Amino acid sequence: MHSALQPVGPRAELIADLMLLFFAVSAVVYVIVIAFLVWAIMRARERAVQLGPAATAQADRKSKVAVGVGAALTVLTLAGLAASDFIVGAILRQPPADPLRVLVTGHQFWWEIEYDDPVPGNRLRTANELHIPVGRPVQLIFTSRDVIHSFWIPSAMGKMDLIPGRTTNEIIQVSQPGTFTGQCAEFCGFQHSKMRLTLHARPAEEFDAWRQRQLAPAREPQTQEARRGQQVFMQSSCILCHSVQGTAAAATVAPDLTHIASRRTIAAGSLPNTPSALASWVLDPQRIKPGSRMPASRLPPDDLSALVAYLTSLQ
Amino acid sequence: MSTSGVRDVTGLPTYTFGHHSLMWWGTMGIIVIEGTVFVIAIGAYLYLRSLAQAWPIGAPPPDLTYGTLNTIILLLSAIPNQWTKKVAERENLKLVRIGLIVCLAFAVAFLVVRAFEFGSLNVHWDTNAYGSIVYALMVLHTTHLVTDVLDTIVLTVLMFTGPLEGKRFVDVSENSVYWWFVVGSWPFIYATVYWVPRLP
Amino acid sequence: MCSRSSEPRERATAALLSPYRAGVASVVVVMLLLCACEREERQFSAQGGSSPSAASMAPASITLSDLQPGVSTQARRGERELEVNAFSISEGQRLYEWFNCNGCHANGGGAIGPALMDDVWIYGSAPANIYATIVQGRPNGMPSFRGRIPEQQVWQIVAYVRSLSGQARKDAMPSRTDSMQVKPRQVALPREEPKSSAPPSGNQP
Amino acid sequence: MTSAEYERERAEVEKTWAEKPGWLGQLMVVNHRTVALRYLVTTFVFFLLAGLMAAAMRLQLARADNDLIGPDLYNQLFSMHGSVMMFLFAVPVLEAMGIYLVPLMVGARNIAFPRLNAFSYWVFLFGGLMIFIAFALDIGPEAGWFSYVPLAGPEFSPGKRQDFWAQLITFTELSALIVSVEIIVTAFKLRTPGMTLKRIPLFVWAQVATAFMVLFAMPAVMLGSSFLISDRLVGTHFFNPAEGGDALLWQHLFWFFGHPEVYIIFVPALGIVSEIVAAFTRRAVFGYLPVVLSLLATAILSFGLWVHHMFTTGLPPAGMSFFTAASLLIAIPTGVQIFCWIATFATGGRLRFHTPLLFVVGFFFIFIIGGLTGVMVASATLDSQFHDSYFVVAHLHYVLIGGALFPLVGGIYYWFPKMTGRMLSERAGRWQFWLFFIGFNVTFFPMHILGIEGMTRRIYTYSASSGWEGLNQLATGGALMIAASVVVLIANIISSLRKARTAGDNPWDAPGLEWATSSPPPPSNFVRPLVVTSRTPLWVTPHPETVIGLPTGIRSVLVTRVHDAEPHHISVFPTPSIWPFLSAIAVTILFIGSIFTPWALVWGAVPVAIGLIGWFWPTKEETATHCKYEVKPPREAPPPSEPAELRL
């Protein structure tokens, strides 16, 4: 369920209402104009070959009035629509009280999400999944590390571009719990199509609990296989790009994997987060997302399954 | 094919000067296009400046000497230019030849000083965005200058060698109109390149 | 009024034909551009011999001496890529930064590690030499990236490193990056004739 | 005057205006109608190719998670489709209509600056060939027709793909700018005596408004693409935020051109609608002055809208409100024109429902939807949802296909007899119309819904879970219907060309001057210029007064005054020449060379200079002929306000 006309928050509702207003006015205008056109054509098909000059002059006087009235109505309609746009725009621009601040950074082709906090240790980094508390406005602060992207969750908010060298921001507020999807709206390269994201709205307590869990460093591998998987991780190409909090892996050019197993999807919403999907993604990401930034890792089968065991243990 | 009547235009001139000639309209067309380019380029300059913390970025403003000298040369060149236009419209071949040569002398002097100007901009096109836009403005104007100089050279040679007919004087006249554009656009570019960086 | 102008069909044919004539004229351009294919290809994953094995990850056999007589097929592939392919050089440029090569070599000017923009090559300037240097590591600080960087990505970095001193095709090199400019423009750099130099403190390779 | 004398004059004029024979002569053509036909055929071929690209994309999108076309090719396909349709089809094809019709409609013997006109065609052709050859060699543009930086910049688009795109812009803008100047000068200075400003045909006004838009809009994108190519080639920093540049600078430059571009495509089509409506209702369009003012207002307002393409870039709210208001404002002149046409239908004579009119009626049904969705995307608030979604894809195709292509096809049916002397089949025309009309709506209407449901533009695939598959399949089916309608059009044209020339001078009993001459017209368009006394000259008299006294041994064209179209002087028009062709080749070498090295601007300028000097340099014979007929302008006195008028 994702549609700009099925809004899940007060702000998206306002936009949806405005949209319905524009649709309704447009439908009325269309019907009226087309009705006049059809009427005029029907009349003209039955008429004598040509009107005389006197009849034409008389008809022109009537036409003058009709076109004048039409133009005036057009102006009034547009003024009304412009006013409603300005009003809704003004409401949407009002700064919310006590918003949660979340920094969103665009990358080819994934979303870096960081929850702002005065305490550096409480700043939480994750990727491709935006978790927010129901009812509380969330201020998203956008920038990009490479090219221009655009953040869009149709049922919850309009778009906002992520532009390198600039910061933009937008408010998102959701009034019912649920999971909503969105995706990058500004063409950003090969995998623009698979630069997706999900929004998880949940009650405040649940959100706080999630946040606490995510803040914890990565859980130590429990099984033999997972421990071997951790070794594979640390000694292969994974460590050059990814980070796992609490280990030596601290690179920031690719998604943070500290709690990867808690996410529902991988590869920016391209695959479900299952062990087999994870394995095929690690083995050959270019088959799933050609042109994505992750290279194939060519691990032998037992290393691969160990690695997947480690990653799925990162709850 | 008999018609209701005819209208005789025998004896109308086969060319004309000024805003009735098609050449004038063509020249104006080019001037509108190029003028728009200059306006937008200056707009881009001011836009980049509005974004910058400090302007100019990482370089001192261009040295004033050569740019100012060139402004004077260019403004002075308008005098022989206008005179040439006048004598061309009187179709005085001898004076047109003299006028064109004087105009060329000014143009060459300007081009020589322009070379020094590039040396005193204190920035390169690949230093930063400021350098890029300064070079863009300077290269744009220089391109117009060079094309008009070539145009003038060709006209001058033609005036000496022929073949000539009356409407070639229209070409000389319109060449002067175009030079007016090159002259008239420069003060704006000069002000932008040399004086905007000196604004507080 | 009847016109004596040519048959419209002929004229339409002529209008149709003239593009072809012009097409003939542009054959020269086509010839010039034919070399573009190699430059423009975007190769997302390594082709050929795609059996995922640890062996291909660790070309331990590549050493300086081994390579002098005959270059392996991988090396030849990598070499071709590096000479002509814009995407490889561009990917190499990104990975050079992502894998923190600039941490030691800066942006080619050198700092902790040696400069890469000059004409001095301690361990050889051939693609295979640079490949070996990255994979094996070198004394005095250059770590081994064996197993860390997949083969194709190493070749991309090799391509970029060689482009730093002008060894790559000019029309395949990017003019600049979207970052602070800390080195002269690459395409403006002179092509350095590679010289070899003895490694510091007598560590013969 | 006896008819023998007239016949002799006719033969002399025809000889003077004849083109050169042979294949070399084909390269030297300066006749505006031949050049226009070449433009039309070339743009139509480009249209077909870009249409095939669209069909390929529709096939890829017909199924979720389809892997028919990978992202690399798909990105090139949509970049080519957009760029080709905009730069190599929509703008030049409507300009070609102007090149063909404006001189005929104002009663001139050729377009102003005919050699430049020929040059513009060659430059256009070479630019088009360049981009298609580049695409075939895997150097097709990959960052969209809008080429946003930094994606199109040196770091994220390696190789030369975007450089070819930037030079495509240079080629096409150069030719478009040249044509605009010609059309303005033709419309203002070459009008036949009596065609005062208030008697200029509406199509010509539309072309003039368009030409002015081109003059002011295209320099912005030429400058922008020069910035882009210099960023990519010589490392300037116009768009590098780390060095003081800005990614949005590109968007401002591009959309300052890009929005007027929409009106550059659509305003000439409004002119076609006016001509067809007038002809088939047997009355001049109601409200000449409001319609002309609406065209001019559209041209001016179109420059105040560009930021509505940037509503999601986080610009200051005050600016957004301004641009919302301006964007809504432009609906008013368009509305006024629609009302005037409806009034024309309501008050005209009996309607003759031929194919051209059918397409115009289709235009109303489709374009009004596009206009209304345009009002929606003009709202900054709503645009935050619509922007870059399939809703916009639907909107722009409703506007451009409905607003420009339907009238254009109608115009082709309408003027085809004039261009070829043959009628197109009415029956095939109706088939084509219904296939096109239904196919179009089936293709593009579902995209409105897809956009609202979150489908973004420029994606090469989507997942099955998105729920977009059904509507996408429907759209692909519609695309096949459109393809079928194009096949019908081609078949119709080909079969008509095989038939005899039976159309006659004025098959539609239309009022415009273009119908006063034979079909196709003689080399000089008119044996003698005609004198006009009304907006609908041929409805006043099928045989208007003619002008005599123009020398027949040279290509003499009557130049009139701007406001009252009274004869002022005679301009001697140039003869066929190879130099425009050679100069275009030199320019092509310079443009393509500068993709690879900035030095091409230096060494490439040499052949260009040679070409232009060769072009300008007068030959002895030519000068001698001119001198024979030369009449010097009066000295020290203002030009005659009233020329010698003589009735025989």
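By letter and in written order, the chains are A, B, C and D; residue numbering begins at 1 in each of them.
Keep in mind that, in the parts below, a residue touches a chain if its C-beta (ideal position, glycine included) is under 8 Å from a C-beta of that chain, and two chains touch if they have at least 3 such contacts.
Please read these numbers as outputs of a predicted model, since none were measured by experiment.
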Which of A-D and B-C has more C-beta pairs touching across its chains: A-D
Between chain D and chain A, distance of the C-alpha-averaged centres to the nearest whole Å: 38
Between chain D and chain C, distance of the C-alpha-averaged centres to the nearest whole Å: 42
For chain A paired with chain B, centre-to-centre distance based on mean C-alpha positions, whole Å: 51
Residues of chain C whose C-beta touches two or more other chains: 1, 42, 176, 178, 181, 185, 188
Per-residue multi-chain contacts in chain B, two or more chains: 1, 126-128
Overlap residues in chain A, where contacts from two or more other chains coincide: 146, 164, 190, 290-291
Chain pairs that touch, as defined at the top of this document: A-C, A-D, B-C, B-D, C-D
Chain C contact footprint on chain B (complex, rising order): 1, 126-128
Parts of chain A lying in touch with chain D, wherever the complex brings them together: 2-5, 15, 18-19, 22-23, 26, 29-30, 33-34, 36-37, 39-41, 43-51, 56, 59-60, 62-64, 66-67, 70-71, 74-75, 78, 81-82, 85-86, 88-89, 92-93, 108, 142, 146-148, 150, 152, 154-155, 157-161, 163-166, 168-169, 181-194, 196, 270, 290-291
Residues of chain C touching chain A in the complex: 42, 44-46, 52-54, 56-57, 94, 98-99, 147-150, 152-153, 178
Complex contacts: residues of chain D adjacent to chain B: 1, 3, 6, 112-113, 177, 180-181, 184-185, 188-189, 193, 215-216, 218-220, 222-223, 226-227, 230-231, 234-238, 240, 243-246, 249, 252-253, 256, 528, 531, 541, 543-551, 556, 558-559, 561, 567-572, 609, 613, 616-620, 622-624, 626-627, 629-635, 639, 643-648
Of chain D, residues touching chain C in the complex: 14, 23, 26-27, 34, 37-38, 40-42, 45, 72, 122, 125-126, 129-130, 133-134, 137-139, 150, 153-156, 158-161, 231-235, 237, 239-243, 419-422, 497-498, 501, 505, 517-523, 527, 585, 588, 592, 596
